[in-house]
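Just below is one structure, and these are the notes that go with it.
We call the chains A, B, C and D, going by the order they appear; numbering starts again at 1 in every chain.
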């Protein structure tokens, strides 16, 4: 079923950094349609600071996740600071002291991250937020993992669900966050947080899949 | 040689009002090239206020000139308030108590107007101002008048000299007023005050010519 | 972009650095580069007043630091909430042991960051209570006040809360005064041009020339109606009509009025708007007790204007009348 | 035109009317609708301070009416000198029998109208003396100071003259202090976008996007150089280098610095510029005694900025330190 070592797992964070950097403009454009157009800027600033802080160091996954979380909480602010801050923080907390990360542990990491975001943001599926990507993706991973399928196939299911979840936001009316004030007029475009969450989950999945090989 | 009655001479002021109103945008555009682009606005405001104050009244030329001058001095400001204010004021002062306006009197009116503008503005021919129109125009009128030619032909000479004077400003470098700070870069375009002065002198000449017929 | 900046990603850093240099007599830096405080803060015996929010709204937020106003401010990125850590550090900078009133605007990011900062403060034993400004009428129906944004009315909230704290009010009294101020305040904005976040390089929304957007938010959040541009008098009527029935304001009321430009609209035009606003209020027998016109709460170089009206009782009058010395609001005692 | 106006030909009237409504506590109308005065003016025993100029420069000129500042202002059309009558009426509104200091900027129209107004005042026995501000370095070479324009340095001239008058100075003393202030002041502007006189409907000059105009005037008078737009730090260096050698300022000098936006440039950016200006001055061992950043003297909705530096001696420090209460400049006594 596979696992990868925490020691080499920082590659996951590297992948997150890269995918956000490459998509910063795209994310701001999405946010511009019904938000204030800064989502890519916010995310890019966070990952680029993490990149700088991690540069030249060889740390494990837990440490890299903590670094990203600290920057989110201390320096980023916005909605993303607390939301992704808590997301990466729970992942770091669950994986702390674990040498090997298997599907079961990763499932715990995902679930704790999901729960904390729901707690701080008080949003739910259907509200047109990153949760519309995250919750179905976590559930899809869990279903495969509980069914005893391989780590890699659970990751593949997570990716597919994340993409579907992201796309589901197009037809939603925003219920929380900046765009919620638009009511019906927020319908018809992607949610920025759902898009970034999808990019991040897919980048994580891809880099774990590589680590598993 | 001809003359016209002060009583019917308000037509001259009406002609000035009309020509300025029709050329307001043109004058602002000229001023925009090397000044601040408001010459047409300033002049238009003055004549339009004069139009309103004179509306429905049948006044003589002297009164109409005084009205225009008062508005220039009290309400217009800018450079035009004092310059054209004093211009029309001298014309009104010279013509006050005169029933008939002949070429000799008009020559006095012009000369006093010219002198007062030179006094208040301290500019001279060649400085790229309204004086480059006014001074040659006044001199041309005087030459014909002194030579005993008809009022109408003196007016025609004044018009021709005014137009030539106006055009002479194209190749000048501004020495006074807003544009003077540009130095060499003020060369190559008309001076706004020279343009308005030409319009005004020609409108006066044309309406007097009509009155003389 | 016709802007006076260096690295577009560092505009907030550069601005804060210039602000501190310029206003050393009034404002001090703190350990956290994103937190500025009143030079005298924390003031012994006084409740601390904290606010914070995204940058790009000069003089808000840091411009309201000062005497009888705000003690510490957390400054975020352009149009983005400050971090939880920044709010938390601002609480610490403002607290003299009497607790902290965190008076901020209703935005998702600010709500989350303040919530997390309060958890951190609780661990330290710092008492923090909040008032969340929601004066922007067009941002949600009256029945959903929890969805309404905070806009220029925040200034009145800071003024009232800051004055109450200076008068020696307890934390609960400060919170009560600030809450009363914002509960009696209503705002609306009209946008005429979009604005550009320097790091983005282009506007992230459009307002077609010849049109105006009624109800626009301080970050360009879409308004409730886009119409052909109207005269100043018609705009004033549109704004007054949206605000008055919402509280509602009524004949005989005394009010404070704030007309703020959004950044690039000349102050001249704001006075033209105010001229009609006061006339319309007078027609309804509402009299203006205090009035403010100028760029009090902006959105980068957006063109447009906001109108804020606060209904005053004796308490609010006393608080509004108090001397204030901050960059954005200086007021002598009469 | 994305403007908040009614009849474009009546913007000044509408603005003045709103201004008076908004600031009744500080400013009063006079018989002449183009003349406003300090509510307390004329002040017995005090020399009257008068200024005036074209409109469109908010808060200049009327925003500097107030305590220890200007007593009466003549307001012209947008970018056009007030009439001789308006200046004359302002003299009358300010004069308490001790004479009037008319402190204005060097523009042809203002010069002529003030000259004519002084003739009218002479007939009335009102003593009027003038100081003509000419702080704008790029507007003419140092050898032709009589051709230099007056720009934001006028604010320092009013502050110094107003303070001297408030301290009981005679007309000659007030004139001497105001003259000293402006003689020790140098300014330069950089324009980033043009502006539009509402009655014109379109800009009457252009600044290509991506370029900047160094030395631009307050009415868009062309500058001395058009270059590609530079960083804030480079702009600051360009401006400081133009100003310092002209006075000249020297190591050891104490100065007052004013960075003013031209209207549409966010105040955030003005602080970014100031950040570097102070650094550059410090490198030259010139220390900033007082600093002001904000929209103190604007040109409608032009983007850009002016830098003004005044060299201070003990007298000018005392005058700059005095309390002031006007819309545009409020300063508490320390």
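By our rule, a contact is a pair of C-beta atoms (placed from the backbone, for glycine too) under 8 Å apart; a residue touches a chain by one contact, two chains touch by 3 or more.
Just so it is clear, the model here is predicted, and its values are computed rather than measured.
Chemist: Going by the stated contact rule, which chains contact chain A and chain C alike?
Modeler: Expected: no chain.
Chemist: Report the chain whose CA-based centre is farthest from the CA-based centre of chain C.
Modeler: Comparing chain centres, B lies farthest from chain C.
Chemist: In angstrom, rounded to a whole number, how far apart do the mean CA points of chain A and chain B lie?
Modeler: 76
Chemist: CA centre of chain C versus CA centre of chain D: separation in Å?
Modeler: 29
Chemist: Chain B to chain D: how many Å between their CA centres?
Modeler: 33
Chemist: Between chain B and chain C, what's the gap in Å when you average each chain's C-alpha atoms?
Modeler: That gives a centre separation of 54 Å.
Chemist: Answer with line, ring, star, complete or other to describe the graph linking chains that touch.
Modeler: It is a line, because the chains touch in a row without closing up.
Chemist: State which pairs of chains touch, listing all of them.
Modeler: The set of touching chain pairs is A-C, B-D, C-D.
Chemist: Residues of chain C touching chain D in their complex?
Modeler: Against chain D, chain C makes touches at 2-6, 11, 14-19, 21-23, 25, 55-56, 58-59, 192-193, 207, 209, 212, 229, 231-233, 235, 263-276, 278, 288, 291-295, 298, 300-301, 303, 305, 325, 327, 330-332, 334.
Chemist: Quick one: which bits of chain D touch chain B in the complex? Just the residue numbers, please.
Modeler: Residues in contact with chain B: 9, 34, 54, 76-86, 107-109, 112-113, 115-116, 139-140, 147, 149, 197, 199-200, 204-205, 217, 219-222.
Chemist: Which residues of chain B touch chain D in the complex?
Modeler: On the chain B side, the touching residues are 28-29, 31-32, 34-38, 41-42, 45, 72-83, 85, 120-121, 176-178, 180-182, 185.
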